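Every chain is named by a letter (A, B, C and D) in the order it is written, and numbering of its residues begins at 1.
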Amino acid sequence: MQWAVAKVRDILRVENISKRFGGVVALDNVTLSIREGSVTGLIGPNGSGKTTLFNVVSGFYPPDSGEVYFMGNRITGLNPNEIYNLGLVRTFQNPRLFPKLTVLENLLVAAESKGENMTRSIIKRNWVSNEIELIKKAQEITKSIGLEEVKRSIASDVSGAHMKLIETARSLMNNPKLLLVDEPAAGISYSAAKSLFNYLLELKNRYGLTLFIIEHRIDILMNYVDYIYVLHLGKLLSEGTPEEVLNDKKVIEAYIGD
Amino acid sequence: MNLIDLGVVINTLWIGLIYSLMAIPLTISYKVTRVLNFAHTSLVTVGAYVAVILSLVYPDFFSNVFVALIAAFFAGAIVAILNHKFVYRKLMDKEASPVILMIASLGSWIFLKYLIYSVISIVSKVIKKDLYFAVPAFRYTLNLNFLGISNPSLTYSLILGISLIVLTFVVFYRTSFGKAMRAVSDNPQLAQISGISDESVMTLTWFLCGGLAAISGVFWAMFSYASPEFADSLILQVFAACVIGGISSIALTILGGFVIAGAENILMSILYNLIGLDLSFRPFLSFLTLLIVILVRPPAGAAGGLPYRLKFKRERKWT
Amino acid sequence: MDVVGFLVSWITLFSIYSILSISLNLEAGYTGISNFGKAAFYGIGAFFAAVISLSAFLMLNGLSYPLYSLETIISMGTLSKQNPILSILIFLFTVVLAFFVSGIAGYMVSYPTLRVGPAFLGITVLSFGELLRIFLRNFQPTGGTYGLAGIPHPFAFIQDPAVKDFMFMLVTLVILAIMYIFSEKFVNSPYGRIMKSIREDEIASLCLGKDVPKIKAQVLFIGSGMAGVAGALLAYYMGSINPDIFVPSLTFEVWAMVILGGLANNKGALLGAGIITFLNRASVILNFTFQNLPIDVNYIRWMIVGLLIVASLLFKPEGLIPEDPKSSFIWNFVEEKEPISLKKRMEETSKKVKFYIKKVFDWFAMGGG
Amino acid sequence: MSEETKVTKPSSGVLPRLLAAFVIGLILGGLGTFLVQSSQYSAQLSDLQNRVNTLQAAVNALNTTKIYTIGVSFPLTGELSDVGNQWKTVAQMALNDLNSELANENVKVQFKLVIVDDKTQAQDALTAVQSLAQQGIKVVVGPAASSQVKAVKAYADANQILIVSPSSTSPTLAIPNDFIIRTVGSDAVQAEALAKLAFEQGARNVVVFYRDDEYGQAFAQFFNNVFSSLGGKATLTKYATGLPDYASEVAQLSSQVKAIGADAVVMISFDTDGANILGHAKDDPTLSSVRWFSSEGVHGTTQLLSPEIATFIRKVNLLGTRPVFKENPVYIDFAARYKSLTGRDPPVFAANVYDSIILVGKAILLAGKYDGAAIRAAMFKVASNYYGASGWCILNSAGDRMYQDYAIWTVSSVNGTYEYQDIGSYSGGTITWG
């Protein structure tokens, strides 16, 4: 490990990111960093650029200017698949499952299998042992996450709540280091949301993850996060511990104004 | 050396118009019903032949262009609606994917094509007239000189075509029916909820599109000739025009029609006179234009396949 | 009626078309690439095979006629019969190379897949095919509109035409079998799983670390390569080719086969190809039976073909043999089983057979006893 | 096993099972007995049956007429569908003539046609010929285009199916000892005729406007060779085939004619494109001021007789060549009958189609058996002294028509309506007027 000692604890650093769509400024000079092992929240009114920030970090869009560092390496402009393979994994607000694959296969797609190579895939011997390992891992995850009874069904047949769980389970398949979670509690009841967050924390502890969560429902989020960033109109409005942010006048104004 | 003649410009205008006229119903029907309709060619052929046969059999009544156009419009509309009711509707009820609908349209295209062949061969035997390169009888009775263009059928179809396109615009953007069509095309579920009947809008759309396609066939027959194959050899160019318009916007579709026509005529003329490119490369140019347009400036809806950037480009920009 | 001849010629064309439909199935059915330029890669393979084999024969015999000339056609008639080993070698060589030549063309054409969305890919590849065809029509070294004729048949040394055709049928069947097995291997491996995931949601696959453009390009490589092999076989079968064989309507025919048989199912692709080629052929019987109808019987033939496509879609929109999401190899593992070895599978089968035999015997024994 | 079954002897269902076993046994036994018996008698039986059959056949042959089937592969759909459909009528006409002639002479042979559509496509032509051959047909008239003939050549040679194409003129098919016979003259001669005609009419600098296919390519090459050797200058310009309209091509042609100051246009076309080109050329001042010459392709289309195009033809004094022997009574009779039947002039190659059917019929009669090689041999003999609607049909060693005379045609006004007229002929290298 050749990283500077001071930077080891920042798993993700976003420096001066700007992103424009046509005339609209989606992100304006955003700088933030996330500590390894923390749970960080990202809040802001609708259209404040939260998802755009996720998209830029996960490689969906190249930023107009600025840099993104992941574990000390510059990942600006890398393609989404390369960023994923580095261990930076995002989930989607609406689960994007592969509807005609089985739940187990949905999980397996997320893993990096030895049979993915075109030429290697022809000969079963090349990948079969690796495949069994991956399946075992997937079985483990499904068991721990409570997907045991649906793992054999086709993804389009499972319920909406299960879909969200599958989406999360899938993101764990490739040993992620940082998980970008986009509105995990959107559209579910308060108690369900609470248990989901509890569960996310449990996962974090079990797999040694760092979480970066977009969430609309600040009331729930406040109980779980260590640090919060607030975006407003593409700009970083405020940051700090949950208490600091909640007492920030600017944040209150922004939300009331919304 | 004179690179472009007046004749080339007129051809561009005329062919661009006919491409647009054929492409507009294709775009609208795709927008509203999500069917990439290959049977479109059959509708065009039906229109052309209805005008030709009626004007040959009842020369007194159908000597008027407008009567023939209306007859063709209804014939095309009926075929399109029948096709919708018996094929597309049933498939849509089974929630078939757009690809399946397209292949189904391919099937109805094959069926209709040979049905047209059969009808033509029977009618031709009955009326003892050649129907293969036939032109409608009223082509010879038209008489109008416009802007110094001496070809009356050309003039007629230019004027009529432009007014038809304007009419389509008005229908699509200024009437409640057009609004309903756009609503269905944007979000069928939402339209259904807000009380717009999906089925009646689709039927009306097919009525309009089938009729328009048939009318474009009449124009073609007036200017050139009708044969059972002519629409088939046009269809790729018409599709190209639609694709340049992103199969979404009517205005862009018209632009696409003229771009393709321009490539085939003006560009051909320039290349021919400059470097002596063979005339047989004419279809080559239209496809080349299409490829260049798609690759250089992808039309609306065509781009954004993937948030992925090629290596060599990325490195130049960020590393 | 010559039943054997009918079967041989039908199966040969069926195999050629099946290779096409399997390759399209890999692209469209499994990976979701709407390739409407199948005819282009088919044509590349055919022209490659024709050019290479003709020029090889001419060169080895020290002749220097243009490939499309009358002299070439005449001399090929005798030259192709002289050296059996040479003609078979050249045949195999060109068929294998046709795979790579067409495949590389397909790989390069995949560049637009990065630029345009899936709906527009089809028309892009279609225009590429048309560009190629018009270019070939005007390209004199490969004969232009004359096309190429006199392509030396690999079994030209066999005197009896029935045996010759039969041998060729066997070869095409073997090649079809190889293609089929390979594509089954692909789709039942993790690679096939990724192909399907790209079909379902390419953005999600990209975000799950899959190099989607690369995989699409690879699939286009395989699919186009297969089409190239089919083209090479067609060139040898017909003995002559010209650019106008490879028109877009041929692609649509292959699409109809795949959709009819069932997308994302190789057996379906075979069935679809079988049905349509059989219909095209067997419907000629109608010409013999119905002579003086008011409507030409040929039109009725094609009308029936169109109707059948529509009808089969209406009654089975997902194809005659629909995709079975649980068919893939992974399914064996879900039951927490070790992968079944061939030996074990055979043991199990023999156990099953014994069991049923025993049951039948028991049944009689009980009835008798 | 036996112990268990004894212990748990089923209380019900014994009887039906027993019955079923009995029935199955009965069926098997009966089948076995039948097989054994039939194998004993089958040899004797089949021998007897054979004798009866032979006798019956001999008796039948004396009483009934023998029917031979001739296969026909025509482009009833696709690019050449127009001529294809007219040829169908011509072929049926020829068949009726052949059959009635045989009936009149009390020959107990009749012919039958099976017309299969080949879609103007090479691969479909092969399928059509194969399907015909698999039904036992040994002679196929057609296909139309040279590319199609090439596609069926390998199959025809190997399986000894005689292909008689009435319209393929490509020079790359002049192959000796194959099963392709072409009852139409090579375009080399016609190109020579057309070149000499154009030169004689005073054209020195011409644009050859030809369709980009085998026919046009070869024709234009031959024309260029002859015309250059005569001292003229020919500029070759080709246009794409299968387009729905040729307005753009005509516009280009016009600018080219203007640019090089050509004095004539030589159009080498088929019917669809040719009529369309003339239809657009009539509106063009440049093209209306030069002479026009044409090959046979466009001859016979009704569009040329429409007043507007016919006026143009008269204005530019369009002259064309076409393969026919002028003052041929057979042809005049044939054309008149065709016109009374369909109301239009016979299309291009109609006479060749007619003669092909007749020739094939006569060759089958001469061969005496239905076999490809025999019919092929007989075909050469029959053709060597057959004078039909298209003139003398003598074949050369490559199986192509050896002599072809050409008429010079134009459209002129007769009693107020326009009609095709032959105003001269080309025979043995010289043009004769009148």
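The rule is simple: contacts are C-beta pairs under 8 Å (C-beta built on N, C-alpha and C of every residue); 3 or more make two chains touch, one makes a residue touch a chain.
In this text, all values refer to a predicted model and were calculated from it rather than measured experimentally.
K.L.:
Can you give the shortest number of steps from chain B to chain D, where adjacent chains in the path must touch?
P.N.:
1
K.L.:
Higher C-beta contact count, A-B or B-C?
P.N.:
B-C is joined by more C-beta pairs in contact.
K.L.:
Compared with chain D, which chain's mean CA position is the farthest off?
P.N.:
With centres defined by C-alpha atoms, farthest from chain D sits A.
K.L.:
Going by C-alpha centres, which chain would you call the most central?
P.N.:
C
K.L.:
Could you state the distance in Å from the CA-based centre of chain A to that of chain B?
P.N.:
Taking the mean C-alpha position of each chain, the two centres sit 47 Å apart.
K.L.:
Can you check how far apart chain C and chain D are, centre to centre, with Cα atoms defining each centre and the answer in Å?
P.N.:
The mean C-alpha positions of chain C and chain D differ by 31 Å.
K.L.:
So, what's the distance in Å between the C-alpha centres of chain D and chain A?
P.N.:
Going by mean C-alpha positions, chain A sits 70 Å from chain D.
K.L.:
Residues of chain D that touch two or more other chains: which are they?
P.N.:
76-77, 212, 240, in rising order.
K.L.:
Among the residues of chain B, pick out those that touch two or more other chains and give their numbers.
P.N.:
Residues 113-114, 117, 121, 278, 280-281, 283, 307-308 of chain B each touch two or more of the other chains.
K.L.:
Which positions in chain A are in touch with at least two other chains?
P.N.:
In chain A, 60, 79-80 touch at least two other chains.
K.L.:
Looking at the whole structure, which two-chain pairs count as touching?
P.N.:
Pairs satisfying the touch definition: A-B, A-C, B-C, B-D, C-D.
K.L.:
Which residues of chain B touch chain A in their complex?
P.N.:
307-309, 314, 317-319
K.L.:
Contact residues on chain A for chain B in the complex?
P.N.:
Counting only chain A, the residues touching chain B are 55, 59-62, 76-80.
K.L.:
State the interface residues of chain C toward chain A in the complex, per the touch definition above.
P.N.:
Residues of chain C touching chain A: 182, 185-186, 189-194, 196-197, 199-201, 203-212, 215, 218, 222, 323, 325-326, 328-331, 333-334, 336, 338-339.
K.L.:
Help me check something: in the complex, which residues belonging to chain A touch chain C?
P.N.:
Chain A reaches chain C through residues 58, 60, 79-82, 84-85, 90, 92, 96-102, 104-105, 108-110, 112-118, 121-122, 124, 127-128, 131-132, 135, 139, 151-152, 154, 170, 174.
K.L.:
Which residues of chain C touch chain B in the complex?
P.N.:
28, 34, 112-121, 123-124, 126-128, 130-131, 134-135, 137-138, 202-203, 206, 212-213, 248, 252, 255-256, 259, 263, 294-296, 299-300, 302-303, 305-310, 313-314, 317
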